[in-house]
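In the two complexes below, chain A is the common chain; its partner is chain B in one and chain C in the other.
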Partner chain A sequence: MKITDSVERIDSRAKIRGMAKYIEDKVYPEMLYAKTLRSDHARARINQIKYPECPQGIYVIDSKDVILNNEVSMIDTAMPVFSNETIYYAGEPIALIVGSDKDAVLRYMEGIEIDYILEEDPFFDLDTASKVPSNILTAHTIEKGNLNTIEYDFVLEETFRTPYQEQLYMEKQGMIGRFEEGVIIVEGSMQCPYYILNALKHMTGWNEDRLRVIQATTGGAFGGKEEYPSLLACQVATAAYKLKKPVQLILDRREDIAFSTKRHPARIYVKSYVKNQKIQGMEMEILLDAGGYLGLSDVVLQRALLTMTGAYKVDHLRIEGKTVRTNNVFTGAFRGFGAPQSLYALELHMTHLANRLNLDPMTFRENHFVVEGDPTSTEGIFHEHIPLHELSDKCRKLAEANMASEKKQKWVGYGVAVVPHGGGFTGDGEAAHIKAVVHLRKEADGMVTILVSNVEMGQGAITALSKIVASALEIPISRVKYEIPDTSKVPDSGPTVASRTTMVVGALLYRAALDLKPHLQELGTYTAVESYKKPDYVVWDQETFKGNAYLAYSWVALIARVEVNPLTYEVKCTHIWSCYDVGRPIDEQMSEGQAHGGMIQGLGYALMEHMTSKGGFIEQFAFSSYPIPTPMDIPEMTVEWVINPYEDGPFGAKAVGELTLVGVAPAISAAIEDAIGHETFTIPVTPEIIERTLSVWKNSN
Partner chain B sequence: MEKFKLNTQEVEVPKDLTRRLLDVIRVDQGLTGTKESCQEGECGACMVLIDDEIYNSCLVPVGNVIGKSVETIEQFKEREIYKRIEEAFVKAGAVQCGFCTPGMVMATYALLKTGEKHSLEDVKLALSGNLCRCTGYQTIFKAVQLLQEEVE
Partner chain C sequence: MFETIMPSTLDEALEYMHKKTYSPLAGGTDLMIRARNWQGSTRHFKGDVLLISHLDSLKRIWVDEEAYHMGALVTQAQAASSKVLPNYFKAVVSQMATPAIRNAATLGGNIVNAASVADLLPPLYLADARLVLRSLNETREISIQEFIVKKYTTSRRPDELLTEIILPKIKCDTFVYEKMGQRRASILSKVSFLAVRTQTDVRVAIGALNDTVIRSRAMEHKIAKGVPFDEIIQGYEALYESHDDKRSTKSYKETVATNLLKNWLEVNHFEKGID
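Right after this comes the complex of A and B.
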C-alpha cells in the first residue's frame, strides 16, 4: 500500500460491536475487588487507624505490605504507594480494602475510623502558597538578549489565570494485579507500560524477569493515564502479591474525577515592551499548582516555559516558572502539557496588544512570525521550513466570507490564535532519557509484527503505525500485525505521550522496515531492531536550557466565531476554521479526527469546564457538575492541511495530537472579547465571567 | 420467580429488585459490551434497548424490567440494521477509544428507526444523551448522516 491510501481503522469494528475488552470487562478466576481507603483531610498526620475485625474474605492492604520501597517512582520518589503517616492532599490513598464481594467491602469500609492530627499549615491557594519558599518545588529561568537595553514606547502588563481541567476519558482508571508462578503481572488502562514497569521495579526491588505489565484496551487517556496508573499498579501489585489472587481496582467515576491527576491551575504574568508596533521584549512568569506531590509537574513546567513565545520572534526575554506545592490534588499530564496554559496567556495577550495598536490581530501576529533560521527562545535555531504565513493566509481566507459580511454585528465575534507544538520529548530527552527501541519482526508465515510499547488509546496508533510499516514495505496493511504492549514481549519504545508516537516511534519503525525489506521473501523469521539516534541539529543543554528545545514544531492557525446571547451571556461557538502543518498527515481521516477531538476539548476548556477546589477537595466531581461538550455544543469545524514534510518524520509526519487543543481557548476567548467589546483574563468564559466583565466596565464608567 | 428477556435468554430477576440493570447485564450475565462510565445517567455509555426503546441501564432498577425485553449490543449486532450502522461508523471514522461507541450505536438506531430524514440539528439532539471525549462528535454526525442518505 501507499501512505496516501485511506484505510479502515484496524480497531474500529471490535469496538463498535462491544467486543473490545477494557480492564473492567476482564474477569479472572478467584478475582477480588479492591476499593481505596482515602484520607478525609488534605494536610494531616495519621495518628491511628481503627479497623473493625476483618470478616471472612475481607483484607486490608497498606504500607506494611509493600514489598520493599513504599514509593511510587515517577520523576522523583516522594509519593508513597500507601500513605502511612503524613497526608499531603485530600483523598490520598491509605490502604486498599479487598474482598470477593464488592458490597461487603463497602460495608466494611463504613466501620473504619481514622484518627488524624490536623496540621496547621495547609495551602490551597496558589498565590499564598507561592509566597512560602519551602513550597517552591522547582524553578527555572530562561533569559535571552538583554531587557535592560531595549527601547520602547509602551508597555502592556497582564495576568491571566487558567483552571483545572479534567481529562474525563470515558473509561475510568482501572488495573488488575495478578501473581502467577513468581511473577507479578499488572494489566490495565495505561499510556506507558514501561513507566509502570519501572515503578514496580523500584517498589519491589525485583528485576523484569519477575514483573510484567500488559496494556488492556484503553478507553481514552489524554495524559490522564500517563503517570497516575503507576500509583494504581503499585497498589494492585502489592495486594495481588500478598493475597496470591488477582485483584481488580476500578476507580468510581467520582473518585476518578476528584482524586486523579488533572491539568495544572496556573497564574501567568505577561509583560510586553512595544515600539513601532513591534514587540521588543517580553517578561513572563508562570506558576503551576502541583498539588501535594511533584509528580510530572516539573516536566509540565518546562514545556510551558519552552513554548512561552509561541509562534513569534522575541529578541529580549526573561521567562520564569515555578511549580508550587499546595495541599490540593496532585496535577499532571493532560494533552498539551503546560502549553495550553502558557499559550492561552500569550495568545490572548497578543490580541490585546493588537487591540491597543488598532491592528488586525492576525496581521499583528504575522509581523512577529518566526521563520526558518530564526533563533528560538532558548537560542536554538528553527532548522525547518515554517509555513506560518501560508497557514494564517489560508485560515483567514476560509473565514473571510463570513467575517466580511458580519464584521459590525453586535454580540458576534471572531478570534484568532496561532500556536506551535513541539513534537517528542523536550530538549535531548528522547536521546538522554527515553532511548527508544523498536522491533519489527517478519514471521515465518509472512506476517510482519510491530513490537513497540506505544499504546492505542483511541488516537489511532495501531492504524497509523501499521500504515507506516505497510507503506514502507509496500505490502497490504492486512499483512501487518501489532502486538498489544506487554513488557515481556515488546521493547521499550518510550511512553505514549508528547505527540511522539507517529513522529518518533513511527520514524524508527520506518527505518526498521527498510532494514527488514530485503528479508521479506526469506524463509523463517527476521527481526529488525532500531534505536533512537539524536539528529545532529538537536543541541541541548538541560542545565542552562539552551539549544533546540524540540526536534520539530507543528503549527496551527485558528479562527473561532462565537455568538453571545445578549440577555443571558451564554456563548455559542458556531465555527472554528483551522489550518495545520503536521508535516504530512499519515492518515487524513484519523488526523482530522484528532483535530476535531482536540478542538472540542479546547472548546470545553474555553467555555464550560469549570473546576474548583475548596479545602483541597475538588468541588465538581461528577459528569453532572463538570460539564464537557455534548453534541449540542459542537460548532462547524473546518480542517485544512499545509503539507510540509519533516525530513526525520515517517513519510514527513510530525506531531498531531496535542497541537489541536492548545490554541482553541485563546481563539474562542478573543472571539468573545470581540463580541462583547471587553477583555477577559480567565477561562472558562462562563456567562458569570461575562456578566462580571460587563458590570465592572459599566460601574467604572 | 420473576423473569425478563435479555437478548435471547429468559433471565431470573435477582432478589434485590433495586439492583441496577447495568450490573445485572455486566456483572451477573457477563455481557461487557454495555459500558459503565459516568454512573449517573449523563453519558449514555450504558445505553440498551428495553422493548426497543433506548434507556441508560445505570438508571433502571432491574425490578422495573420484569416481563420486558432487554437487548444489548451483543444481540443487537446480529440485526440487519446494525450492519449498516457499523459500516457507516467505520466509513466516517467515528470510532476512537470506542468506549462510548456501543451506546452511540443504540442512540443512532433510535433515530434511524423513525424512518424519517432528520436535519443535523435533529441528529445532534438525538445523540445529546451520549457523550464522547475523543472525536468531537463530528465524525459521529457524519456516520449518522451517511445512514440518513440511505433513507432517501
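Right after this comes the complex of A and C.
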C-alpha cells in the first residue's frame, strides 16, 4: 500500500460491535473485587483505624501489605501506595477492601472508623498556598536577552486563570492484578505499560522476570491514564500477591471524576513591553496547582514554560514558573500538558495587545511570527521551515468567505489563535530518558508483527503504525499485525504520550521496516530492531533549559465564530476554521478526526467545563454536573492542511494529537470578547461570566 | 435489602400501597440514579419498590372539551410526539434530557419528583393543571399548586399513586419558551421562562429560579392591563428567591429571567395592554 491510501480504522469493528474486551469485561476464576477506602479529610494525620473483625471472605489490604516500598514511582516517589500516616488530599487511598461479594464489602466498610488528627490548616487556594515557601515544590526561570535595556511606548500586564479540566475518557480507570507461578501480572486500562512496570519494580524490589504488565483495550485516556494507573497497579499488585487471587479494581464514574488526576488549575501573569507596534520584551509567571503530590506536575510546568512564547519571536524574556502544593486532588497529564494554560494566556494577551494598537489580531500576530533560523525562547534555533504565514493566510481565506458575507453585528464575534505544539519529549528527553526501542518481526507465515509498548487508546495508533509499516514495506496493511503491549513480549518504545507515537515511534518502525524489507521473501522469522538516536540538531541542557526544547514543532492557525444571546448570554460557537502543519498527515481522515476531537475538547474547556474544589473535594463529580459538549454544542469545523514534511518523521509526519486542543480556548474566548465588546481573563467563559462582565461594566458607567 | 413488587394491574398496585409504603418506580431515570451504588452491588433503594412502568392503563393521552388528559406513565417521548397536545407543552417536553431518557422517563415521574428544576412544572403551573391521585378507596383531584408543597416534597400520601394529569385547554396564540442550561442539550435547567398570550389573556411561568415555579395571576392581570413595564418587572423581581449554586449564580439567573420577561413584554407591545 501507499501512505496516501485511505484505510479503515483497524480497531473500529471490534469496538463498534461490542466485541472488544475492556478490563471491566474480564473475569478470572476466583476473582475478588476491591473498593478503595479513602480519606475523608484533605490534610490530616491518621491516628488510628478501627477495622471491624473481618467476616470470612473480606480482606483489608493496606500499607502493611506492600512488599517493599510503600511508594508509587512516578519521577519522584513521594506518593504512597496506601497512605498510612499523613493525608495530603481528600480522597487519598488508605486501603483496599476486597471480597467476592460486593454487598458484603460495602457492609464491612460501613463499620470502619478512622480517627484523624487535624493539626495543620489545609491549603485549597492557589494564591494563598503559593505565598508559603514550603508549598513551592519546584521552580524554574527562563531568561533571554536583557529586559532592563529595552525601550518601550507602553506596557500591558494581565493575569489569567484557567480551571481544572477532567479527561472524562469513556472507560473509567481499572486494573486487575494476578499472582501466577511467582509472577505478579497487572492488566488494565493504560497509556504507559513500562511506567507501570517501573513502578512495580520500585514497589516490590523485584526484577521484570517476576513482573508483567499487559494493556487491556483502553477506552480513551487523554493523559488521564499516563501516571494515575501506576497507583492503581501498585494497589492491585499488592492485593493479588497477598491474597494469591485475581483482584479487580474499577473506579466508579463519580469516584474517577472526583479523585483521579485532572488538568492543573493555573494562574498566568503576562506583561509585554511594546514599541512601534512590536513586542520588545515579555515577563511571564505561571503557577500550577499540583494538588497533594508532585506526580508529573514539574514536567507539565516545563512544557508550559517552554511553550510560553508560542508562535512568536520575543528577544527579551523572563519566564518564571512554580508548581504549588495544595491539598486539592493531585493534578497530572492531560492532552496539551501545560500548553493549554500558557497558550490560553499568551494568545488572549496577543488579542488584547492588538486591540490596544487597533490592529487586526491576525496581522499583529503575523508581525511577530518566528521563521526558520530564528532563536527559540531557550536560545535554540528553529531549524525547520515554519509555514506560519501560509497557515494564517489559508485560515483567513477559509473564514473570509463567511466573514465577508456578514456585516459586523453586535453579539457576533470572531477570534483567532495561532499556536505551536512541540512533538515528543521535551529537550533531549527522548535520548536521555526514554531511549525507545522497537521490534518489527517477519513471521514464518509472511505476516509482519509490530512490537512496541505504545498503546491504542482510541487515537488510532494501531492504524497509523500499521500504515507506516505497510507503506514502507510496500505490502497490504492486512499483512501487518500489532501485538497488544505486554511487557513480557514487547520492548520499551516509551509511553503513549506527548504526541510522540506517530512521529517518534512511527519513525523507528519506518527504519525497522527498511531493515526488514530485504528479508521479506526469506523463510523463517526475522526481527528488525531499531533504537532511538538523537538527531544532531537536538542540543539541550536540562540544568539551564538552554537549547532546542523540542525535536520539531507542529503549528495551527484557528479562527472561531460565536454568537452570544443578548438576553441569556448563552454562547453558540457556530464555526471553527483551522489550518494545520502536522508535517504530512499519516492518514487524513484520522488526523481530521483528531482535529475534530481536539476542537470539541477545547470548546468544552473554553465554554462549559466548570470544575471547582470545595474543602479539597471536587464539586462537579458527575455527568450531570460536569458538562462536556453534546452534539448540539458542536460547531461546524473546517480542517485544512499545509503539507510541510519533517525530515525525521515517518513519511514526514509530526505531532498531531495535542496540537488540535491547545489553541481552541483562546480563539473562542477572543471571539466572545469581540461579540460582547469586553475583555475576559478566565475560562470557561460561561454565561455567568459574561453576565458579570457586562454588569460590572454597566455599574462602572 | 428491599422488596421489589410487580403488580399486574393498577388496582393490585393500589392494594399493595394500601398495605405498606413503596417507592413507585416507573421510568427509573431518577430513582435508579439516586439508588446508585458500587457498580455490580445491589442498588441502594431506601425502601421497597413497586414497579409500575408496565401498567398500560396509565399510558393514554386523550382530550375532552375542557382539557388534555395524560396518564401518569405517558413517556416524555410519547408526549413530545403527540398529535393532540398543545405546542407550548410539547416545546417544553422535547427539550428535556436526551432522546434515550425521554423514551423511558414518564410525565408522572418528573412531577412527583418535585425537583425545583423539573421542566414539566412551569407548563403545568401556567395552565393551572390538576392531578388525579388514586388510593385503594379514594380518587381525588387537586391543583398542581396544592400538590407541590416545596422542593422535593408533595402532598401525595404514601398510599396514593399519581394516575392522571389534567391540562386545561387554555387559549395560546403565541408562546415563548427559553431553557437555560450549561449546554444546549441533556442538561438540567438553571432557569426557564415560559409565556403564552392570546387576544385576551397572558400567562407567565418562571422555572428553576425559586424552589417552586413562579406564577402570579395578579401580575398577569397587570400585564394585560398595560401597567408600566418597570412596575411589572419590579413585581416579578420581588418574587425571586434564588441563590448561588454549583451550576450558576443568583445574579445570572435573576438577570436572565428579567431580560426574558422584559423582552417578551416589549416585543408584544404590552405597554398598551390587551383588554
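Basically, the second predicted complex is superposed on the first by the 700 of 701 C-alpha atoms of A that agree within 3 Å, B and C clash if a C-alpha of one lies under 4 Å from a C-alpha of the other, contacts with A are read in each partner's own complex, and residues count from 1 in each chain.
Just so it is clear, a contact is a pair of C-beta atoms (placed from the backbone, for glycine too) under 8 Å apart; a residue touches a chain by one contact, two chains touch by 3 or more.
These numbers were taken from a predicted model, which means no experiment stands behind them.
Colleague: In the overlaid three-chain picture, which partner chain does A:G310 touch, first (chain B) or second (chain C), both, or neither?
Modeller: A:G310: touches no partner chain.
Colleague: Could you say whether A:D252 touches chain B, chain C, both of them, or neither, answering first, second, both or neither?
Modeller: both
Colleague: Quick one: classify A:P361 as touching chain B (first), chain C (second), both or neither.
Modeller: neither
Colleague: Which holds for A:T686: it touches chain B only (first), chain C only (second), both, or neither?
Modeller: second
Colleague: According to the stated criteria, A:Y169 is in contact with first (chain B), second (chain C), both, or neither; which is it?
Modeller: first
Colleague: Considering only touches as defined above, state whether A:G415 meets chain B (first), chain C (second), both or neither.
Modeller: A:G415 contacts neither chain B nor chain C.
Colleague: So in the superposed three-chain picture, is A:Y569 touching just chain B, just chain C, both, or none of them (first/second/both/neither)?
Modeller: second
Colleague: Does chain B (first) or chain C (second) touch A:M637, or do both, or does neither?
Modeller: It touches chain B, and chain C stays clear.
Colleague: Chain A residues in contact: does chain B have more, or chain C?
Modeller: B
Colleague: Mind working out whether A:T612 is in touch with chain B, chain C, both or neither, as first, second, both or neither?
Modeller: A:T612 sits against chain C, while chain B stays out of touch.
Colleague: Identify the residues of chain A that lie in both the chain B contact region and the chain C contact region.
Modeller: Shared contact residues on chain A: 252, 624, 628-632.
Colleague: Looking at the complex, which residues from chain B come into contact with chain A?
Modeller: Answer in residue numbers: 26, 30, 32-40, 42-43, 45, 72-74, 77, 85-86, 89-90, 93, 95-102, 105, 123-125, 127-128, 130-141.
Colleague: Using the touch definition from the top, list the residues of chain C that touch chain A in their complex.
Modeller: Touching chain A: residues 37-42, 98, 178, 180-188, 246-249, 251-252, 255-256, 259-260, 263 of chain C.
Colleague: Please output the residues of chain A touching chain B within their complex, sorted ascending.
Modeller: 8-9, 11-22, 24-25, 27, 167-172, 217-222, 252-254, 457-460, 589-590, 592-593, 596-601, 622-624, 628-632, 634, 637
Colleague: Touching chain C in the complex: which residues of chain A?
Modeller: Within the complex, chain A contacts chain C at residues 33, 35, 102-103, 105-106, 250, 252, 566-570, 572, 608, 610, 612, 619-620, 624-625, 627-633, 686-688, 691-692, 695.
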